[in-house]
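Labels A, B, C and D are assigned to the chains in the order they are written; within every chain, residues are numbered from 1.
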Amino acid sequence: MTHPPALPIRFAILGAGRMGAEHGLALVGLPEVQVVAVADPVEAAARKVARITRAARTYADPLDAIHNPEVQAVIIVTPTSTHAALIEAAALAGKAIFCEKPVAADLTETERVMHLVQQQGVPFQIGFQRRYDASFMQARERILAGEVGQVEQFSATGRDPAPPPLEYLKVSGGIFLDQAIHDLDIARFLVGEVKEVMAIGDVKVDPAIATIGDADTTTVLLTFENGAQGVVQNSRRAVYGYDVRTEVFGSGGKLVMDATPKTPLVRYGEGVTSDHYHFFMDRFKDAYRAEIAAFVSALTQGRDPTPGAHDALESLRLALACTRSLNEGRPVRVQDVQATPEAQVGG
Amino acid sequence: MTHPPALPIRFAILGAGRMGAEHGLALVGLPEVQVVAVADPVEAAARKVARITRAARTYADPLDAIHNPEVQAVIIVTPTSTHAALIEAAALAGKAIFCEKPVAADLTETERVMHLVQQQGVPFQIGFQRRYDASFMQARERILAGEVGQVEQFSATGRDPAPPPLEYLKVSGGIFLDQAIHDLDIARFLVGEVKEVMAIGDVKVDPAIATIGDADTTTVLLTFENGAQGVVQNSRRAVYGYDVRTEVFGSGGKLVMDATPKTPLVRYGEGVTSDHYHFFMDRFKDAYRAEIAAFVSALTQGRDPTPGAHDALESLRLALACTRSLNEGRPVRVQDVQATPEAQVGG
Amino acid sequence: MTHPPALPIRFAILGAGRMGAEHGLALVGLPEVQVVAVADPVEAAARKVARITRAARTYADPLDAIHNPEVQAVIIVTPTSTHAALIEAAALAGKAIFCEKPVAADLTETERVMHLVQQQGVPFQIGFQRRYDASFMQARERILAGEVGQVEQFSATGRDPAPPPLEYLKVSGGIFLDQAIHDLDIARFLVGEVKEVMAIGDVKVDPAIATIGDADTTTVLLTFENGAQGVVQNSRRAVYGYDVRTEVFGSGGKLVMDATPKTPLVRYGEGVTSDHYHFFMDRFKDAYRAEIAAFVSALTQGRDPTPGAHDALESLRLALACTRSLNEGRPVRVQDVQATPEAQVGG
Amino acid sequence: MTHPPALPIRFAILGAGRMGAEHGLALVGLPEVQVVAVADPVEAAARKVARITRAARTYADPLDAIHNPEVQAVIIVTPTSTHAALIEAAALAGKAIFCEKPVAADLTETERVMHLVQQQGVPFQIGFQRRYDASFMQARERILAGEVGQVEQFSATGRDPAPPPLEYLKVSGGIFLDQAIHDLDIARFLVGEVKEVMAIGDVKVDPAIATIGDADTTTVLLTFENGAQGVVQNSRRAVYGYDVRTEVFGSGGKLVMDATPKTPLVRYGEGVTSDHYHFFMDRFKDAYRAEIAAFVSALTQGRDPTPGAHDALESLRLALACTRSLNEGRPVRVQDVQATPEAQVGG
């Protein structure tokens, strides 16, 4: 892809599930973009997203879409286990890449692929959509502008309405890599790198989750490199809905990012009641649109998209440190989590 | 247009200003729709919206777009003074019509055009977008379900950040027709028809508004046909932003529709502070999308779109009653506001 | 009473009901005060309040307490119909007077008694406790400091959980004098005098209220002398609790006084729920304490207590104007509500 | 003191500082109580509280008040270092005891004195006033009633506007014993006993605090005996005010106890702003009254007051465990924190 590219930029969407349709809607709202192809082994799904995006071609195999010479950029929203291979293929083919998190559940593999992306020099963005939520974006600007002074304490809560299916959990890499990583990435985004973690966790929601060696309820203590203190609490189940609350406290004040009622309607009857979000796509609908718009904007302006390879790698390393701390029942220094030597050589 | 029509339905957007672009984005997100034409005397504007909507054709004259035989439905977002003539042309051409409010500032003309639309049997929707805001939609459902019991009191506040340009105000029909009509339409939507109004008003924001015989700050007392009592307060200027608050009180409780903070971020420093909406398009962004989706959905399912000709007419009549009450300093019965006899004969 | 008086100031509490006990608690918390007597025809009630206040004497007849030479100040919380006579007796005896609103339901009688109070030069305070609520006090300070600029619109809602007994309503003077007068007094406190009112009202809560010629649900349009516009809505019944909301809007911003949740506890389950006040004494507990403290403070410092005779009179006149407007179905100028000529002569 | 005692119960207040005056006001509002004595080495202070409470006697030495045979119950609000000795004297004299926290900064001394209290059989209450705040009381009832199901996660934040003077801090026992202990006690109150803690902490507010070996900013990870996970964050300085937020999450929902705006007034100007509490006595004013009323109520009804000796001891042990964890940089089991052997023999 030339920089800046001739417009419109021609996209392929790899994966035509819920996120494929969502990102398709985001793309079709951008005049700088033309979606030319959609790939999914389920033909009906591919056709549906092609109809939404007015894409001319559908493919069963995402590799065929990648190798279509018309395609300049790809959106990877296929199953997690395929991410690394598709990134690799796209990078080798010189395509710009937006990929849902994670690259891989494995640090060695992630390092290898991120290294390749950088060698090939293709634009790469990882799907930490919260960074494009208005509250987190504005919080970061305010922190950088010194509005809370020196950051001293960080606190994040992330709870989903209900756990995903066990089949999904088995290949998810565990609660820290799959769920808490959003809160951990926001910790890095707003406060900085983490030096050490101490995690506790348990199975409280579904005993089946214990059988696959995962936890569903966790709490982590964090020490940041800059001396700030942090906590992250997660649960796979909140009967009242989708619960994401983040607080940054410093010498000059504090910022709280907490979902307002989903609908601006308050009911006075038995108590005073409002509604809560029940679905991450509702809560972060605008953020999903904004991250795609930012990716496109970076491409058209020849800037590096963000968050990129470095954030994909470091947020994974942090999540892996939490996993190790929980497994070993002791504090773990984040920099002690490293790819295996062979991998490092290979990378 | 056949019912149900073959998909996609082919649209023309008449008027390529801010609302044309906004409705264009809504249309392009709907797979049932193909935008085939955009009309605007300013060619660059037309091209811009055509690029957003991937429309093949642009026209300088909206009548040319209406008469393009490919076009099955039109979105009218041209200047207010042209609405009636374009509705008339589109109705005679058998096109489905979505038109921003108002049809006309004049009851006689509005009755004539709405009558024509009904005679021609073309689908017609008027742009009272608040009816598609999640809070008002849910409020209506809850009221119909009996959640607040018998409705007894209604209260609405509508304030804009700043008045529009004087040139716009001169042809706007006055504050009740231009601004308060949204609150008055919601009063009808949530409570029912209004029997009598008593309005007071004044110029507090800009003395120039007095020179064109308009008010910029008004308060209206309403008596509904069903016995409920109501108040509507409007101002053309609120330094803190866009202020829309509505309350429905009844024997079983009350509902309050009030904008939550624009960004779910609360700042603790000097006091506890959050942001407010400053722009109606931000506050009702989702409602603008939803009203277009509802129009398209009505077309594909062969249902009458809503709000339609009756609401266009009755909300205008109510706004005119407020205007008359303010001018004459006395209570006015809404049914006493009628088109002029010639018009009635003509209609 | 000398100014400043020797401490402690010796009080009698006339009336040992709920308000007598409440004001007794306020007095006993003030070191400048000694309660020496409590009067109530119900001996047990008088004894109970005497025990709370450590008062040495109880009386059956409040006049005996007034004429006790030890007593320097009286708190009148007897039934409304006795207020005027007790104020008269206390004024003639030279005692400082705090009296629950109203002085009388009748303008002629109120003028006569307030005139006497002023002639006798005794300190007098009327029990509009909302003026001592932190939110209303601070709002007034902010308005006077120019924080909302020129006041342009006022809006107040006042709803009680349930109507009082019919026997009480019969002698209450009607909804405007008994209930709305608090909102009307706050309108005067925050915005200024009212020029004209237009009231609508009805019986929606209990048909028995119609049989005594009263309304239970009312809405009033107000035009202030300074040109501001206002509305006041009242209801005798709100199933969700005690509902007092007041808004002052001006060229520089707006202030909203609305009860926060009674308990700072939010519950997340089926929706997000908090509690509402169900009782005016809960909502205004601190204001009741503060108004008594302010009365004592005025006495010790030799200042005129506030709100005094003028406010007792003018807020009553405003409430009577609302009553007349409702009865006659037309706008009423407040200054047209005058005492009967005989009374004026007598006064 | 007999059970139930003849009324009124005769109290002495030991210590006539701010808390002495505050508890004096609480006592004087209770008809079951007569304050007969106030003790303070500063005679003017003692007289001031005597005037508030109408107490007949003042003493310079609290032991003289304890040994006044009229006195049946004492309120100990003297400097912390004198608590243990005064409790001991009062217990030996058979007086009912309310004592501000802590008994002592030392577990050995606390165990010894609490043991004595129990041996003497005198009623004893420790001043953890938050347990009598309406939000925490109601939260506990709701948790016990099963409203949040099984408790799974606890989170508490406690921040003061500014650190106390260094002289005070030197004898305070450290941040966990002096400040965090309120949050730790609430953790025990709402969730149960804690098994293990891991604390991090630092000096961020004032370097002088480091010179006395204390921290001013801390974060603690807690594992409860029942398996729940917890975090407690504290800071000695919050520029925006007094910040106490507590959350209990469980299988059935969550409860959030967070201070509503201090004044129910919202200002719309540059943003939407409300006020925050700046002082713990404002935030917990009602709780301070309620804990004294509860103490008196327990005395009159012959019940054991709560929280008593057990809570004084166990909340201290938990705070000491946090201190040890911070000092040693490792997780600490709470039951490993024990009084020294000599002390245990002595106790």
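Criterion: a residue touches a chain if its C-beta (ideal position, glycine included) is under 8 Å from a C-beta of that chain, and two chains touch if they have at least 3 such contacts.
Just so it is clear, the structure is predicted and the values come from calculations on it, not from any experiment.
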Greatest centre-to-centre gap (Cα means) from chain C is with chain A
Tally the contacting C-beta pairs at the B-D interface and at the A-B interface, and name the larger one.
A-B
Based only on mean CA positions, could you tell me how far chain A sits from chain B in angstrom?
39
For chain B and chain C, what's the span in angstrom between their mean Cα positions?
44
Let me have the rounded angstrom distance from the C-alpha centre of chain B over to the C-alpha centre of chain D, please.
58
For chain C, what residues touch not just one other chain but two or more?
238-240, 243, 252-254, 261, 267-269
Chain C touches which residues of chain A in the complex?
238-241, 243, 261, 267-276
Interface residues, chain D side, partner chain C - complex:
25, 28-29, 31, 48, 51-52, 54, 134-135, 138-139, 142, 147, 252-269
Tell me, which parts of chain A touch chain D in their complex?
149-150, 152-153, 155, 157, 159, 198, 200-202, 204-205, 217-219, 221, 223, 227, 229-231, 233, 235, 237-240, 243, 247, 249, 251-254, 331
